[in-house]
Structure formats: C-alpha cells, structure tokens
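See below for the structure under consideration.
The letters A, B, C and D name the chains in turn, as written, and every chain counts its residues from 1.
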Amino acid sequence: MKKFINDTVLVEEQMILGMVKAYPRHLKKLDCGNVVVRAEKKEGKVALISGGGSGHEPAHGGFVGTGMLDAAVAGPVFTSPTPDQIYEGIKAVATDAGVLMIVKNYTGDVMNFEMAAEMAEMEGITVKHVVTNDDVAVKDSLYTIGRRGVAGTVFVHKIAGAMAETGADLDKVQATAQKVIDNVRTMGAAIEPCTVPAAGKPGFTLSDDEMEIGIGIHGEPGTHREPVKKADEIVDMLLSQILEDIDYSGSEVAVMINGAGGTPLMELYIINNRVSDVLAEKGIRIHKTFVGEYMTSIEMQGFSISLLRLDDEMKQLLDAAADTPAWN
Amino acid sequence: MKKFINDTVLVEEQMILGMVKAYPRHLKKLDCGNVVVRAEKKEGKVALISGGGSGHEPAHGGFVGTGMLDAAVAGPVFTSPTPDQIYEGIKAVATDAGVLMIVKNYTGDVMNFEMAAEMAEMEGITVKHVVTNDDVAVKDSLYTIGRRGVAGTVFVHKIAGAMAETGADLDKVQATAQKVIDNVRTMGAAIEPCTVPAAGKPGFTLSDDEMEIGIGIHGEPGTHREPVKKADEIVDMLLSQILEDIDYSGSEVAVMINGAGGTPLMELYIINNRVSDVLAEKGIRIHKTFVGEYMTSIEMQGFSISLLRLDDEMKQLLDAAADTPAWN
Amino acid sequence: MADSKKVLKIIQAISLKMEEQKDYLTELDQPIGDSDHGINLGRGFAAVNEKLSGLEGKDIGTILKTVGMTLVSTVGGASGPLYGSAFMKAGQAMAGKEDADITDFLTIIKTAIEAVELRGKAVVEEATMLDAMVPSYQAMEQAVKEGKAAEEVLNAGVKAAWSGAEHTKDLIATKGRASYVGERGLGHQDPGATSYSFMLEEISKVTG
Amino acid sequence: MADSKKVLKIIQAISLKMEEQKDYLTELDQPIGDSDHGINLGRGFAAVNEKLSGLEGKDIGTILKTVGMTLVSTVGGASGPLYGSAFMKAGQAMAGKEDADITDFLTIIKTAIEAVELRGKAVVEEATMLDAMVPSYQAMEQAVKEGKAAEEVLNAGVKAAWSGAEHTKDLIATKGRASYVGERGLGHQDPGATSYSFMLEEISKVTG
C-alpha cells in the first residue's frame, strides 16, 4: 500500500485538520473529535447534519457551509461515526428550529445516527432524519435493508440545505429532502479497487480485463463482475438500470457524474459525453450537469451516474447560491 | 491498460465534447478542432488563450469563462496542439484589445504557440505571450530550456484573467501575468505513474516502496527516485526546495495543493495539514488555500505544492469573482 | 458461574482475542463487506481494555453497561451499536449483581439477542451475528434444561455458535452490508457471527 | 539523384517507416520524455501519406513544403514544428525544382538543420535530433568533397546519423524534455535523433 499519509491511525484526524486549515473561512473542527461545523454558527434556521465513514472526500465536510450542511461528522474510514460523535455535532449546530439528519442507508449509519438522535432528544433537541437510498444496483425489497445511499445524497445536501437557508421549518426541510430522495437514482462501476489505510489491502482485486458493476462507496465489491467494456457500453448499462427504476421520460433532470477518487476527469468527461447523448435521445432534458468528485471511495477508479428528476422548486433550490469548499 | 474510454484515438475529442455538454452555459467547442471558447464571446477586453496537450483536466478548458480564459486549445494527450489549432482559437476570441497567450515552458508548446502567433500577426491580430516556468524541480540555467510550467500556471490564468476582465490593456495584462510567474513556484512528487491512452503503457514504473520526486505534468519521470516516505517528510522536502528558490518569509501567499489525477482528496488534505503548519512556523501568512485537481497528469498518483507570493493587487485579482467550470 | 471479578477476566480475555483476531475478522469482512470488522472491534475492545482497571470492585451490571457504552462510543459501523446495545441491555438486566449463575448467564445472552434484534431489525437466517447468537443460546438453554453443568452448557453453546457461523456460508444475507453482494456472499462466513463465536469461546475458557 | 517522382517515393517510404517504428520511437521517448514521439510522427506521416496522391506532378519545392505544412498541422509537440519547419524551409530552397542532384540534396539538409536550430534554439551536443542531423550532414559534405558517388555519400550519411544517435546516449540533454531528467538521461538514445536516422536511411534506400 502506497499512500501519502503519515500513520494509518492518524489519517482521519490529519485529513480533517488539513481540510479545515484549507478553508478557515468556511469550516471549524470541534475539539472533541472529527466533527466539522460551519465557521460561524447559523441561528434561526433548521440545522442540517450529515456524515458517515471517512474516505468519501470531499463528502461530507466539503459540503458544510452556507446553503448546504451545518455539520459533518466523520467516522474512521468507511465506518460510521459513533453516536456520541454525532451527538456532539448535533449539539454544536442545533437551533430552536430543530435539526435534520441526512443519513445514508447503511445499517451502521442508520443505527449510530438514531442513537445520537435519541441522546439529543433526551436533551430537548428536536431531531428528525431522512435516509438516502439512491443506489439502484441493490434491489429494494421489504425483506432486506434496502438500497444504499450513495452519490445522490449530495443532491439532498444541496437542495434541503437551500430550503433550510430560506428559513423553512423542520417539516418542510425534511419533506424537501425526502422529495429529492424519492427522485434521485444512482448506479456505479469500478475498474480498480481502493485500499482502506488501516486494512492495508484493497477491498477486492480485479484482473486486467475485469470491472465491478454496482459498486457501493465503501470499497466493497459490487453486484457482479464483467469483462471491461467501452465507456459508452458501460454508461448504457448503468443508465438503463437507472431508467428502469424511475420513468424520467419527458422530465427535466440534474445529472451527476461522480468520480470515485482515482478516476481522471478525462474519463468522467468521456462518460458524460455518452450520458448527455443518451438522455437527449430519450427526450430527457438536462437542467444542469455536475462532473467531478463529490462522494468518493478514497482512490477507487470508478464512477457513478446519478439522475435527479426535478420540479420547479427543486430546480430553484439546486441553483441557489451556496458557499462551501466543494460546492459553490 | 484499463480506462473508461471508447477508443484511444477518440479520447481527446470525446472528452472535450463531454466537457462542453456538461457546461453549455460556459463553454463552446469550435467545429474545427479541440478548441474550447467561452459560450459568449467577450468583446472589449484582452482575450486570454492557453492550452497544451490534453491529460491535464480540468486544465485548460475548465478555466474558460468569465474572469479567466477566453479560449483553451487541447492537443493530443501530453502533446502540444499544432499552430493552426491555436490559430483557430486566437481568431475565435481575438478582440481589438489584443490577445495574450499563456504558454507553459515546454519546447513543443512554446514553438507551436509562437508559430500560431506568427500566423495571427500576419492577419493583423496583436498577440503577446508569457511563458510560465514555476517548477523548481528543474534547475534554471542559461544553457538549458529552463524550468517547466506546471500547476502554478493556473494562478496566472486566474490573476491575469481577472485583470483582463477589468478592461486593462494588453501590456498591463501581460505584466500582471508575468508578475504572477515571477512569484509562483511549484514542486511535485508521485507514487504511481499514468498511462497515455495511445501508448497503452505507463510512462515509468515504480516498485512498491518507491516514489518519484520532481515530476512534471506529462507523465514523465521526475528528477530522481527515493524510497516512499511519510507524507509530512515528502512535504518538507518539496517545500524546502520551493522556499530555497524564493524567499517567502514575511510575505502573504496563496497555496495550491494540486492533485495529479489519481490522488484522493484524503491525501491532499493530509498534505495540506503539513504545508499549513510549516508555513505558519516560518511566519509565512496564508491568504488562501486551494486543494484539489487543477492541473493533472491523467490518473497519476501524485501531487504538487505551489506557493504564490502575493501583493495587494494580486490578492484582489485572485479573490475576484470568476465563473468557469473548474474555478468559481 | 462467575463473580464480578471473573466477569472482568472474561472481558479482558475477549479484548485480547479481538486484538488477536483483528486481521482475520477484517479479512472475513472483505469479500462481502467493507474490510473493517476486525479493525472496528479491535479499536473498541482496546478502549474497553483500558477501562478495566477502573471497573474493579464494580457489580456485573455496571461492568457490562460500561463495556457496552465504551463499544457504542468507539466501534462505530454496524457492530458498534449492536454489540454496544447488547452489552448495555445485558448490564441493565444484571444491575447490582455481584454474582451470575448459569441462569443469569442465559438471561444475559437472551437480553443481548433481543437488543441486537431490536437495534438491527433483524432475525436469524439473515446471515448476521444473530446466526451465531440464537442457535448457541438455544443449545445452552437446552443443555440447562437437561441439567448439564455450566461447563458443558458453555461447550454446547460454543459448538452451536461455530456451526451457526459456519451456516452463514449457506445464506444469502438480507441485512448488513453482505446483503448488497447478494448471491456472491454464498460460501463466505459472516464476520459478526465469527466475532461472536470467539467471544463465547473466551467466556467458556475463562469460566471452564 | 532524384526527380520529383522519386521524392514522392522517398516521402512515402519515410511515412511507412514512421508507422513501422511508431512503437519503438515511443518507447525511446519513455525513459527521458513523455512517451509520444512515435505516436506524434505516426500521426503526422499518416496525414502526409494521404496527401501524396494529390502531389503527383508537383515540383520538389511544393512537395517538401506541403509535407512540412502537414507535419506542422498534425504532429504537435516539439517534433512537429521542428520537422515541419525543416521540410518547409527545405521546400522553399527547392522552389520550382523538378530534379535534385547531390548538391541540391546537401542544400536541403543544410536548410533543414538551420530551420531546426532556429526554431529549437539548439545546437549539437544537446542530445536532440541535431546530433544525428549535423554529423551526418558533415559526413556527406566530406564525401561529396572526396568525389564519392551519391550512393556512397548517402551511405556515409546514414552511418554518421546512427552513430550520432548512438552518441546521444553519452550526453546530458539541455534542450527538449530530456533536459528535465538530467543525468538520468545518460544511456538513453534520443528519439528525435533516431527518427531522423530512420528518415535518412529511407532516402538512401530509395535513391540507392
């Protein structure tokens, strides 16, 4: 394992420190742990808090700032933060308007955030939450934990964040977040895995002509393995699974081509070239496209495509000004 | 070689198309080749044009837009574009105020841009140029071609671009660009090489415990090879070479931690943590820090540190609003 | 079966075991999860281990509750809230107790199972730690009913836990990360069921 | 030595050679450059090759100028403007000529060298294509002086070009990308010097 790090046990803290030192105008780190909050606490609005394991940079600290999150809690790499960490974040940003937690659908994240909310409610803080589950690679079913929350979560941060910034109440902000969740779908693929620093070995190995389809964002293997194909064919495969899940025809969408961390922008643009063309063919109008790294898996070489079906309200909130390290 | 591409000969064009399709509000592609210009031509100001080989995404197309470049010309991967391509870019954006070319110091780039300028001048277009050479890895000498232009070039785009946007004349914009060049220094290292699609093989190979010091941005090997060290030690080594070249003590600087394409943000933040601390120790004040991918080498795992010594004018121009895909 | 002093010894033994098996548990988590189960528990039980000296002289309830709270606040992931809740709830059930006999022990395990089921919204046959917990509980309950000695009861429990862990290889997971890989999880042993089996084994060793 | 028809044959032979040696030239560019010299010239001479049929019946000057312009507008990098200028300037020197004797040929080469020196701001011993161009020119000039036949002159040129290319292994480059790697370039043969030697070899083959 070759990485620009100092010590596997210091990765998370030094990363958060380095991030906060890069963006002192936006960010502050709590003394009690790897919790990033806005440099200036914003009163009089619903506070938004998200987070999860580290390794998804710029998520989630990069989305803390005006118009998006108030706090981001970072656990160890790919491991949900603990309830007391999350609770510290909640306490630091909670306002009278209440707190909305944006949680990605993973057993660990959901349980730890739930426990934190229980702690906060005991202290009289009103906490609600939404659970994002945009990954169509995983079949949704009553009997399973359901789909994972992946890159589409960033749209929830942005749009619910913009709604909170207007001074809307907790129910409205929660409903807005849920509307985004209901309308966003994502699917990804990878050609090279990533290595959790503390593990020292990649999460899976692929031979020179293999790729993983349906990857999550924790370096875990996907739903299946296939011979590598041309970018356009991979895009078609992922898009068709997304388009099967929601009928986007005739609607206007936001597109996110999210790099997994090690994928060069060159390839993300080539991917977007095809995504754009296919959507145009299908009569799906593109309101805005986002190409870059939003929700990564350390240095994984992969990408995901997210489509968010927009209505006028979401469009306006998506376009609203935001000022955060990674979205502005 | 595993990459999300369709065909090695289509890489550059499909990438540019995908980029322009992602940012139609900012960008337009000329029909005659891989030249990206502002969606709306800006009259009444000096036109800025830059470019070079492809493979440095988001450079240079990502910096086309209000407050930065007017045109970016993209050659094949790591190969300077040809004079006629550059000339098309010049023609498309030239105004009565003249054209400034921002060229990175490589034999190929300099010669091709010079030939293009000769073509444009024959058509009565006034063209001046600056040559960036921020890479301190390469010793400057009267008898050699001199230092390379690397990530610090992006500061030239930003600051000269902001000056041009004020309506300043060509001499003033050129002088501003030169001032940035005179005050910016960069040095980089890599732990994994990149592969030019058309070559199919990496530019160099490193064993599991080696790194390259003093890399350029074309996937070429650096000045020497060393056993991998801790991130902080690598930072110290690169910074000391930068700080030897210019005396930054007592001054205010802009910092750029530039990812080479495959380096996760996690590591760039850890790197910045050390850079911040060392500069603070040395009494060098940080005006602003930029962490991310600005001038990449496809999927290389590496980074560079750039320090730009600022005066009040440069500070103001650096902070001025810009609206481009990759800088806003 | 165990006084509070022995309970501390058990916890210590479990902590050492988790450290020892860190890499193995992490490896088990690789093909079907995110390669961190051993890292998570290693971190948590290292923290638990540091608390042990401060727990000398405390009752079993306090000890278990403290272990649970420490796990909750250091492990993270799925296993943190699950094992954490399990120990915390078990601690509540043992509040004030200085001694636990085999019946108390069964209560502890039953309470722990309920805590995991509640927090994890899971049942057996979903390829989780419950597939070691539940069958081993049933085996021990049966052994007690048959009047077996504590040592034999625990032996039966350990045996059933390991075969439960083994059985997860035949299951397509419907809870936890392993559910994302679907059929690809077949043939792989659940890390949580494995870590639980190690824990029960340590209990059996220290008390046996 | 060659009429315009033969010149077209030479250009065609060079184009095929560049295609054939594409990978080799690119490999030479790897340790000291950016792994593209063969790709660049391959692209350029493929474009040249497509122009050849349109050049039938044209004079040598026009042919060389067209080759140069095509290289300038398709090769890019350092070698594009250099070889491009070389052919363009040589074409100017041969304007209107239908036939070139060995003296004309020396003029072509001399003009090409001057173009490269001017554009590249380089001289011999900097580990560039000039280290094949200049010594081979000198060898040919000498051979002509000695009254050798065209065939022998070219043989002497080719030999000197290759030994010049070989000699670049002993030089620390001060121009071009190889200058960035400094001493690490020792032992590596310059790709441009190599491509030039191949070109001269083709000229010798077609005319010989």
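The rule we apply is simple: a residue touches a chain if its C-beta (ideal position, glycine included) is under 8 Å from a C-beta of that chain, and two chains touch if they have at least 3 such contacts.
What you are looking at is a predicted structure, and each value in this text was computed from that prediction instead of being measured.
Taking the mean Cα position of each chain as its centre, D sits at the greatest distance from subunit C. Mean C-alpha positions place subunit B and subunit D at a centre distance of 32 Å.
Averaged Cα coordinates give subunit B a centre that lies 55 Å from the centre of subunit C.
With centres defined as mean CA coordinates, subunit B is found 29 Å away from subunit A. The set of subunit A residues touching two or more other chains is empty. In terms of which chains touch, the assembly is arranged as an unbranched chain of neighbours. Of all possible chain pairs, those that touch are A-B, A-C, B-D. Across the complex, subunit A is touched by residues 26, 30-36, 39-40, 43, 72-82, 119-120, 174-177, 179-182, 184 of subunit C. Every residue of subunit B that touches subunit D in the complex is listed here, in rising order: 53, 75-85, 106-108, 111-112, 115, 137-139, 141, 143-145, 148, 196, 198-199, 201, 203-204, 216, 218-224. Residues of subunit B that touch subunit A in their complex: 2-7, 11, 14-19, 21-23, 54-55, 57-58, 62, 191-192, 194, 208-209, 211, 228, 230-232, 234, 257, 261-274, 276-277, 289-291, 293, 296, 298-299, 301, 303, 328.
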